[in-house]
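Okay, got some structures for you below.
Okay, so chain A shows up in both of these, paired with chain B first and chain C after.
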Partner chain A sequence: MTLGATDPVAPPPVVTRSLWRRFTANPVALAGLVVFILLALMAVFAPYVAPQDPYDLANLSLLDNLLPPGSTGMNGQSFWLGTDPQGRDMLSAMIYGMRTSIFIGLTSAVIALMIGATVGLVAAFAGGWLDAVLMRLVELVLAFPTILIALVLMSIFGSGIDKLLIAMIMAQWAGFARVTRSAALVEMEREYMTAARAMGFGRMRILVLHLFPNCLPPLMVLGLIQIADAIALEATLSFLGLGVPVTEPSLGLLIASGFDYILTQRYWITIFPGILLLILVMSVNLAGDHLRNLLNPRLQK
Partner chain B sequence: MTCQALLRGTSSLVLTLATAIIAGAVQAQDLTIGSMLEPGTLDPHFRNSGENHSHLPGMMEYLMWRGPDLSVQPHLITELRKIDDLTYEASLREGVLFHDGSTFDAADVAYVIERIPAIPEGLGDFNGFIDEIERVEIVDDHEIVFHLSEPVADLARNLSAIMALPSELGIDVSPASFDSGASVIGTGPYRLQSFTPGDSLEMVRFDDYWGGTPPFETVTIRPITNDASRVAALISGEVDLIDFVPLADAARLREDVEINVFAAPESRLMFVMLDSIRDVSPYVRDNDGEALNVNPFQDARVRRALAISVDRDLLVERVLEGAGSPAAQAFSSEVSCTSPNVAVPTYDVEEARRLIAEAGYPDGFQVTLHGPSDRYPGGDRVVQALAQFWSQIGLDVEVETFTRSVFFDRARANEYSLYFAGYGATTVFNVLNAIAHTNNPDIGRGAANRGRYSNEEVDALIQQASSETDEAARCDLLERVNELVFSEDVGIIPLYHPLNTWAARAEANVTYDPNPEGLTWVRGATPTQ
Partner chain C sequence: MLRFIVFRLVQGAGLMFVIAALVFLAVYLIGDPVELLINPEATQIDRQRAIERLGLDRPVWEQFLSYLGGLLQGDVGTSWVFNRPALTVMLERLPATLELAIGAVILSALIGIPLGLYAGYRPNSWPSRALMTGSIVGFSLPTFWVGIVFIVVFSVELGWFPVIGRGDTVEVLGVRWSLLTLDGLHHAALPILTLALSRISLVMRLVRSGTQEILGQDYVTLARAKGVPEARVLRKHVLPNLMIPLITVLGLDFAGLLAFAIVTETVFSWPGMGKLIIDSMFSLDRPMIVAYLICVAALFVLANLIVDLLYGVLDPRISLGDRAAR
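Then we have the complex of A and B:
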């Protein structure tokens, strides 16, 4: 039971059962969602799914390095997708790498969403000079490409997963703030807001229980698509050597380390992580795009 | 070995040239080199850089030269005789012509020594080589005397960094007049044809070269800084020869019958430096991640354990794909001043485990190993491999790499507990002086000793060597330093000497004689028989 449901002027429900039905009616979007969930499950249960723990250096033998897909290692283990220059099983490295990629992508997108939504709501609700200051700040951040902001921040902070997260959140929050503010401005003109104000509810209550839930649909869409962008951004930063530590490669770093070998017929080091990254980002985008279409009245037939 | 003895006998360089000349007579041909290095200026006395020492000596020649074993050999100066600590007599080669037709003589040497500190807006890059030369006395056209202000350990070597120019250029000649081509007048086998910065440096044969007719009709240097583009230019036939072949490609090109690969160990030591001065080291932790209140690297047993748990053969074969050789001391043993008593540490994990346990760490400890991500070929893979080796003896090694500028700034600030880097130079003395002497930048010693290894005996030997003018005596001192640092103290863990690789298209009929300095010399290239 939510507090909002007991309100005499309850706002209209945002996510309905019919939305889910309409979403699942599109096989491509559904496939995207299913693939993403499957990949996410693999990532979560990586220690049980992956044949090897690629982060345990004692496990890796240089004698097994650069083996082609389908090879058998010194200790009889099979490397279905080959090994990398350190003797890491590519399949395991990819599953663990995807875990890092999804974790960073998801966490940074969610935290950026929370920060951005707060800033946007406050700006819209407060108006006046606070709105002006916050929105100029947002515009300043949005004026630079995300990758540029993240690159600059990473070169200041240095590498490491924690610093990568901070840089990515700082590069992403502004988009959420802008979307939240415009959604909130529209909602503030609605009757239920006037009614809530007329009822004498406190500002906090109106902000959190009435305004915020109704700004959620566009945020959900943006959030979903931003996860894909965040995964790609993390891969880009890691590819450039600014992200995760070399002993715990994410998908981007795996692609980067394979890049040295692209002209030497050792295609597997870069191609397989590349394909996995493509599938991962595509699946999120397919689901996100369809959700956006459903929630955008102008695109509905 | 004295300077005189050093200069006696036939230089192998002259031999190489002679072979080249015979081959050149058989068949005239053109040569195009794709180089990672681009000359920044054509003034031979402006910038002391690998770029300029690679591409300028085809046109302008050193007074003395450095041979394949890095020893100094006669060239334009045919003999350097030490009279006393402050006086050296030199005989100049006769019959040497500059590209403008004038004769190389004593006045030209005096001119060059005078010009170097007087270059308009010069950087002073070459001042260090001639600082102690107070005066050049001209005895006759081909006999001079160097009068020094203070003793110099190795005057011949200093002169091997100085290229000759005709005195007719005048003392005011500016670096710009070299870049325009007007003043590029040397005694070398090739004359400047044209120089377009960023695009090409073209040279043509100098028919009156004193060493005989040079082998190539024309030589073109094309700067191609991107690794993949350089390899692609070679494969496509755009260039005949390339330098700095990337590791992964070198292995493949070696198997390609269309391509010939030439390689030589570089006079550079790749090593791991250990924090040996602090009682508590910043990146050393116990197995629960808590800071250790002792610095395990102050214990020689731990240092030795780290040294012998690295399988250098495997490292070179698998990680560097053959582009290196296991290291025991400052330089590989073919170079003089290395000790016969220092061998590559024998790989022995059992012994390493025993030493670590004996030192009081039976379950190991945690440590972070730092390295530059973009300085040395394959360097990022080497640091990971080191972490793998040390995990075998129970150490939990985290690896952190930074881009080169960040990495070396932090190294200078002594921020690391363990780090991987390298040092290259043309003499064992220069390497040991930089990495093994106690860090003391004020007196120009230990500049690259960022683990702060310090041994009074080593310092004393190095200082003694720096003023020892007798080469044999100096070598004895340096051999002892090698033994102390790498074998007895294991103050620095030697890893490998990198291999520099050049590649030529088989069709181009070019052989490259690689040199340990990693320079791409036009004179190193000869037509294949």
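Then we have the complex of A and C:
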């Protein structure tokens, strides 16, 4: 039997064209999405977009360090946003840093979503003691703020991008598990689930093809907002010195290195990466906020 | 009432015991503290002596049992850096952090509630729309960066506020507070504002959606039909009904506020628990990390208890005795 339109008990599609049309009807949300996609493209193509490779030492001249925005360097190149203490072009360093931010934010949020959704679906579907054990674990994790969990784990793990990813996933999965479980519990009572069971479908098939797609709306909202939170979390951890290793590009590290210079009026090192971080996080939040309004049944009509 | 409080405190103590056990497993089983703690140039004998002093040569289960035994007596170990009981060192820093956190809660309520009421009362006016978009800016702003910008603008450029430290403190009830002196308040203003910024957005959004919901209720329609002035409707009918969800969110999120105090304290060099825990993390002072997590768990339990007690005060229909008996 094929799935989709020909499946007699196929659940109604949740992610439809009309949702896309309603989403893009809001100019602010659309702007958020467009800005995020543009920034993500810039990050992906950083080597082609950035004026210099700020992490290739051959390109750097220490004589160019701490130049104010708009300066011209020793070799005649112009630094629109100034340079940092190592003589890096700020604009380039920010684009490379954003690359790390988006990579870590997206990856950790998506993997946490997958783990959390699996745990939540299994807990709701299995019920009984497994549900009880999994949910007590989720509650325990949620009792501590994400940033605190990530901080403690990083202090134990030591530094490294891979360790940062693991720490951030461990800090984020529980929220997804709780949301998925409560959505799944509601969906399990629906008629299409009874119909699917009556058709004699296997448990895996019901779980993956019927239950999961219908739990997607709240997961999409949380996922989008979590991407913003994860980007901010990575920057905060890096700022505190417990995130990205100092040898890697990172917006948080740039802001931290600029923090040492604010008393001597060299604001650009800390202010510009912060503004980029704000635009990045806000673009995702604007899109997420609107998606939540669209998918919240209580706000419809 | 008393029975309820005792019941909840016992329950909270049980929860904290479970957390403490898990924290031990997490903190002690991963990573090798010997490498970090002991001077690499120390002789083999010094090294051995240090390992014995810290009890790191014993099997893990033995360390765990002695840890649990100490925990029952309120002792989570001696700080490897300060060489004093970790919990004592941590508790000395508690007032400074509580000041920031409580100050931020009060400030976010003072600013967030009126703005939220307005945004909920006139949801389609342009200031309300601006406020809603502004609130997204509010919780998108990275806390640490806000702190830096405040320092740049208000301390470096304008020179209105001092950059670091707590300023003068005054001793009340055996604890030194800086919020009770003018100089201390002057020092605390920027850190509190930094910490409060995302909470203001949160409170505002919560109050707004609550106001919209309550304004559609029958009792509001009735009050309006009786000719009750709008200001009185908001004050007497809307606001009291908002308090329960508001207190719930602010209370349950108190732990989150403490976590962000880590960031704020680091930026402003505020000598609280957050600054201490970051320093302890860098020196891998495990007893301090454990002490911090237990303090946060205790504050979480306490905040929950206070929230429950406030329910009883705010809504006479909620009887605390029944809940304890259940």
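Assume the second predicted complex is superposed on the first by the 296 of 301 C-alpha atoms of A that agree within 3 Å, B and C clash if a C-alpha of one lies under 4 Å from a C-alpha of the other, contacts with A are read in each partner's own complex, and residues count from 1 in each chain.
What we mean here is this: a residue touches a chain if its C-beta (ideal position, glycine included) is under 8 Å from a C-beta of that chain, and two chains touch if they have at least 3 such contacts.
All values reported here derive from a predicted model rather than from experimental measurement.
**Student:** Name the contact category of A:86: first (chain B only), second (chain C only), both, or neither.
**Tutor:** Touch partner of A:86: chain B, not chain C.
**Student:** Considering only the touch criterion stated at the top, classify A:196 as touching first (chain B), second (chain C), both, or neither.
**Tutor:** neither
**Student:** If you stack the two complexes on chain A, which partner ends up touching A:267: first (chain B), second (chain C), both, or neither?
**Tutor:** second
**Student:** When both complexes are superposed, which of chain B and chain C contacts more residues belonging to chain A?
**Tutor:** C
**Student:** Is A:278 touching anything from chain B or chain C once the two structures are fitted on A? First, second, both or neither.
**Tutor:** second
**Student:** For A:241, select first, second, both or neither according to whether it touches chain B, chain C, the two together, or no partner.
**Tutor:** A:241: touches chain B and chain C.
**Student:** Just checking: does A:138 make contact with chain B only, chain C only, both, or neither of them? Give me first, second, both or neither.
**Tutor:** Neither chain B nor chain C is touched by A:138.
**Student:** Figure out whether A:124 sits in contact with chain B (first) or chain C (second), or with both, or with neither.
**Tutor:** Neither partner.
**Student:** Output check: A:159 vs chain B and chain C. Expected answer is one of first, second, both, neither. What do you get?
**Tutor:** Only chain B is touched by A:159; chain C is not.
**Student:** Give one of first, second, both or neither to describe whether A:151 is in contact with chain B, with chain C, with both, or with none.
**Tutor:** Second partner only, chain C.
**Student:** After overlaying the two complexes on chain A, where does the chain B footprint on chain A coincide with the chain C footprint?
**Tutor:** 158, 241, 263, 265
**Student:** List the residues on chain B that touch chain A in their complex, please.
**Tutor:** Contact set of chain B toward chain A: 228, 231, 246-249, 251-252, 311, 314-315, 318-319, 373-374, 380-381, 383-385, 387-388, 391-392, 397-403, 406.
**Student:** Flag every residue of chain C that touches chain A in the complex, lowest number first.
**Tutor:** Touching chain A: residues 18-19, 22, 26-27, 30-31, 133, 136-137, 139-145, 148-149, 151-152, 156, 163, 255-256, 258-260, 262-263, 266-267, 277-278, 281-282, 284, 289, 293, 296-297, 300 of chain C.
**Student:** Residues of chain A touching chain B in their complex?
**Tutor:** It is residues 56-58, 60-63, 65-66, 85-87, 158-160, 241, 245-247, 257, 260-261, 263-266 of chain A that touch chain B.
**Student:** Sort out for me which residues of chain A touch chain C in the complex.
**Tutor:** Interface residues on chain A, with respect to chain C: 28, 140, 143-145, 147-148, 151-158, 228, 232, 235-236, 239-242, 252, 255, 258-259, 262-263, 265, 267, 270-271, 274, 277-278, 281-282, 285-286, 289.
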